[in-house]
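Look at the two complexes coming up: subunit A is in both, with subunit B in one and subunit C in the other.
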Partner chain A sequence: MADYIKFVDVTKCDGCRACMVACKNWNDLPTVTEEYSGSYQSHEKVNAHTWNVITYNEHTTANGGFEWLFRHQSCLHCVEAACEKACPEDAISHTKFGSVVIDHDKCVGCGYCTTNCTFDVVELATYKDKNGKEYRKAQKCTLCTDRLEQGLQPACVVACHTDCLVYDEKETVLAEAEKRLAKIKERFPNANIYNPQGIKGTTTVYLLADKPSVYGLPENPKVPLSQVVWKDYAQPLGKAMFGATTMAVVGAVIANAMKKDKGGHEEGGRDHE
Partner chain B sequence: MSKKNGRMVKRFNKGFIISHWVNALAFFVLYISALPMYTEFFDWLYPVFGGPAGARLVHRIAAVCFMLPLPIMIFFDLKGFINWMKNIFSWKKHDLKFFPEFAKEFFGRKANVPKQDFFNAGEKANSWLMIITTIMLIGSGLIMWFPQKFSQTVVMWAYPIHNIGLGLAAAVVVGHIYMSVALAKPSLQGIFKGEVSEEYAKDHHGRWYEELKQEEKKKKHA
Partner chain C sequence: MSNFLNWSFAWPANRRNLYNRASADLNGKPWSKDRIGIYWDAAQGKWVGNDVPDFVKDRGPDDPAFNSPFIMQTDGKGALFAMMNEGPFPEHYEPFENPMDNSFSSIQLNPAVQFGEKAMNAQGDFSKYPIIATTYRLSEHWQSGVMTRNVPWLAELVNNMFVEISEELAKEKGIKEKDKIIVSSARGEIEAYAMITKRFKPYKLKDKTVHHIGMPWHFGYKGIATGATANRLTPHIGDPNSHIPEYKAFLCDVRRA
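The block that comes next holds the complex of A and B.
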């Protein structure tokens, strides 16, 4: 199977929010009402029940004009996903579609993924069980993995009426992205293709009209050092050290027992002097 | 153990003992309630706490208890606390010589351990490791408890620090318990009842014992 990716050409977005509605619809997500913040933007950012949001950036052009910079904000499905690495329960994994999904049977709602996410996308949702007891689960866009499994496209892509959102073979998409970039360079000199290689690329590739930071995206995200220290060194070393101490104790018990066998006659095993 | 005579000497005050056991109990509860998150192997512990949310609650209650030993010690046994601090800051020849000799003894070989202070060099090292890991665990734990008050970088570093603190502390605890239960059983009476046999004091803490004797003499002469 060829690799498929989602392509977001923000220069084609007209801010209609059909992708947001389609997402809520397909994934059966409840309404999240937020206070009016003085912007046309519906929500401050994605949240546990709103898996994509169109951000409305008010932007001044080079000659002092005004224009909207829209961006379909959602999980990017990183190839090296910080949330997956941070999860202590192995609840987050990559599917064969390259999408990063959360197994809600395994998720314990610790929130490690939410603080580690490179793009501040994962959020905790609070639910109530039959007895009224609260529990939490991490939630985010699944790239409609359930639809992909049925040979369908993600709900947001289907809903998009300007072809800003495309789900297609990786090679086709990246070639198209280059073509579009050449075309828009004149109007948007800072335009670029956002597919950060510091995390080995993402399964959602953007064509941005301006620098990533203008859209609130990190310029050059990397696997954080804190995670390398934590997961590649501290955790295995800690487990090893605990094992080593236990082994030393076991070794000491055996060595002392053997000594006693050989002709130790003192009771109580007090060994000083 | 008390072949010669049953004479006991005072080692710890109540405040010190309570502080020790609050610390031990809190650590144990913290350890057990976090274990299913540390390794998958202990996932069966979740139901014991009524699910992950229950484990989280227990962990946080125990976390507050884990911060109490220092104030308890300072309020109820300032003398003992000062003595402990003085001890762990004093490192002399007999302390350094302790370790190679102790290693021999630990694995059942003949050893000549030099006379030790109120706290022997091993206990001093244990104290330091415990202080350092406790600071690491409480500091990073508070950051993880209130992540919204700190920047993302700080919160992200709290995880590895909590993790390293736990690995070190757990290793120290295993050694500490083994040594008291298996190697120096009479010391247990010290941390439960506050008294140890004179013989134990002489054998394990020779320098402290000599100090005690000298004080006694002074008192007699006075």
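The block that comes next holds the complex of A and C.
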């Protein structure tokens, strides 16, 4: 399968926010009504129930001109994802579509991903179980992985009426991005393609009209070395040591796992009756 | 003619042009080979082509019904500039409320203008209401918002009535970001949030520097998102021909709530 990416050409965005409504519609997300912000922007940033937000920036350009800059803000689905490295439960992973998704059966709501996310787009949602006990799960844009699996495009892309949002083959999109960049350079001298290589690129690539910092994006993001060490070396090592030194516990774990497995079959059997 | 009958649907009957008998001559032949609307096909004994006829389609081109083919008109005849209250030649008039004398005509206000209820049409003077105001729509809401302000996902996006004012006017009136302000006109006053923006700027009209403010008119007192109604401020006079009310230009004043 060819690599597909989402492309956001912010210079085509007219701030209609159909992407925001389409996202909440498809993902069945509740409203999060914030205090009046003093501008058209509805939410300060993305949150646990608002997976994309159009940011509105009344920008004065270097030569004193005015540009109203919009940006469709959501998870960029980093190729090297800090959230994935930070997660102690291996709940965060990449799909074959390049999207970064959270397995809510594994997520324990610790919030490490929220503090480590390069773009501050993961948040914890609080839910109540049937006994009224609160629990938390990390939530963010999934790139509509459930739609991709069915051969559909992400809901926001389908809703976009200006082709600001495009989901297509990576090579096609990047070539088109270069063409667009050349076209807008005259009006936006600081225009650039945002696909930060410090995190090996992103599955959402932006064409920005001005410097990343104007849009609240880090200029050259990197996953901190400490996180890489933690995830790729310390965690597996710790697990290996744990296994090597406490045989008895391992035994108990295996026994427990077998018991669970058996229990699963029993439950399945009951369902069929 | 570039009609695409299978693209979407046009009400009624998927017809693209009203009075389309006029797209063919008296004998039912197209006026031009390049612009074929409908034409009479004698072999089939009916009208065919790129549109749905707005008449009984097997009536021959010389049928007496076609003496009056303009079916929406009482006399069935086509006419230029018919039944207009003013026109046809354009003339520039100024709005009902205005800081300026009409520079293009000795008549200030269109004499054929339609007035609604008198109580809703008190006229404000520039000396008392020195700020120009306009109203407009937003993409999130529709008309007075009775439907869209009750859709949670839309109410969430534009949840409050606001008035857009320039940085210069905000400074002059001591209005800060997110302050509530009162906008008053000769007809009434409303309270709403201030939205201080670079997109409005004071400008010069001849020798006067005037401020201009803008606000959406989607709000009302019931629903998920509620707020003051902009049409408490606007004059309710209408264009002589279309009766479209003059909600886009009126005078007001602004103060901190």
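Just so we're on the same page, the second predicted complex is superposed on the first by the 227 of 273 C-alpha atoms of A that agree within 3 Å, B and C clash if a C-alpha of one lies under 4 Å from a C-alpha of the other, contacts with A are read in each partner's own complex, and residues count from 1 in each chain.
Everything below uses one rule, namely that a contact is a pair of C-beta atoms (placed from the backbone, for glycine too) under 8 Å apart; a residue touches a chain by one contact, two chains touch by 3 or more.
Just so it is clear, the structure is predicted and the values come from calculations on it, not from any experiment.
*Asks:* Check the residue A:P224 against both partner chains and state whether it touches subunit B (first), subunit C (second), both, or neither.
*Replies:* A:P224: touches subunit B, not subunit C.
*Asks:* Identify the partner contact of A:R17: answer first if only subunit B is touched, second if only subunit C is, both if each is, neither if none is.
*Replies:* Only subunit C is touched by A:R17; subunit B is not.
*Asks:* In this superposition, which partner touches a larger number of subunit A residues, subunit B or subunit C?
*Replies:* Of subunit B and subunit C, more residues of subunit A lie in contact with B.
*Asks:* Thinking of the overlay built on chain A, is A:Y36 touched by subunit B (first), by subunit C (second), by both, or by neither?
*Replies:* A:Y36 contacts subunit C only, not subunit B.
*Asks:* If you stack the two complexes on chain A, which partner ends up touching A:L181: first (subunit B), second (subunit C), both, or neither?
*Replies:* Neither partner.
*Asks:* Contact-wise, after the overlay, does A:W68 reach subunit B, subunit C, both or neither (first, second, both, neither)?
*Replies:* It touches subunit C, and subunit B stays clear.
*Asks:* Where does A:G109 make contact in the superposed view: on subunit B (first), on subunit C (second), on both, or on neither?
*Replies:* Only subunit B is touched by A:G109; subunit C is not.
*Asks:* Taking the superposition on A as described, I'd like to know which of subunit B and subunit C A:N25 touches: first, second, both or neither.
*Replies:* Second partner only.
*Asks:* Looking at A:V214, would you say it contacts subunit B, subunit C, both, or neither? Reply first, second, both or neither.
*Replies:* neither
*Asks:* Identify the residues of subunit A that lie in both the subunit B contact region and the subunit C contact region.
*Replies:* Correct list for subunit A: none, the interfaces share no residue.
*Asks:* Touching residues of subunit A toward subunit B in the complex: what are they?
*Replies:* Residues of subunit A touching subunit B: 86, 88-90, 108-112, 115-116, 133-136, 224, 226-227, 229-230, 234-235, 237-239, 241-242, 244-246, 248-249, 251-253, 255-256, 258-259, 268-273.
*Asks:* List the residues on subunit C that touch subunit A in their complex, please.
*Replies:* That would be residues 139-140, 152-160, 162, 177-178, 193-199 of subunit C.
*Asks:* Show me the residue ranges of subunit A that touch subunit C in the complex, using the header's touch definition.
*Replies:* It comes out as residues 15-17, 20-21, 24-25, 30-33, 36-40, 42, 58, 60, 66, 68.
*Asks:* Taking the complex as given, what residues does subunit B use to touch subunit A?
*Replies:* Checking each residue of subunit B against subunit A gives 1, 37-40, 43, 46, 51-53, 56, 105-108, 111, 113, 147, 152-153, 155-157, 159-160, 163-164, 166-168, 170-171, 174-175, 178, 182-186, 203-204.
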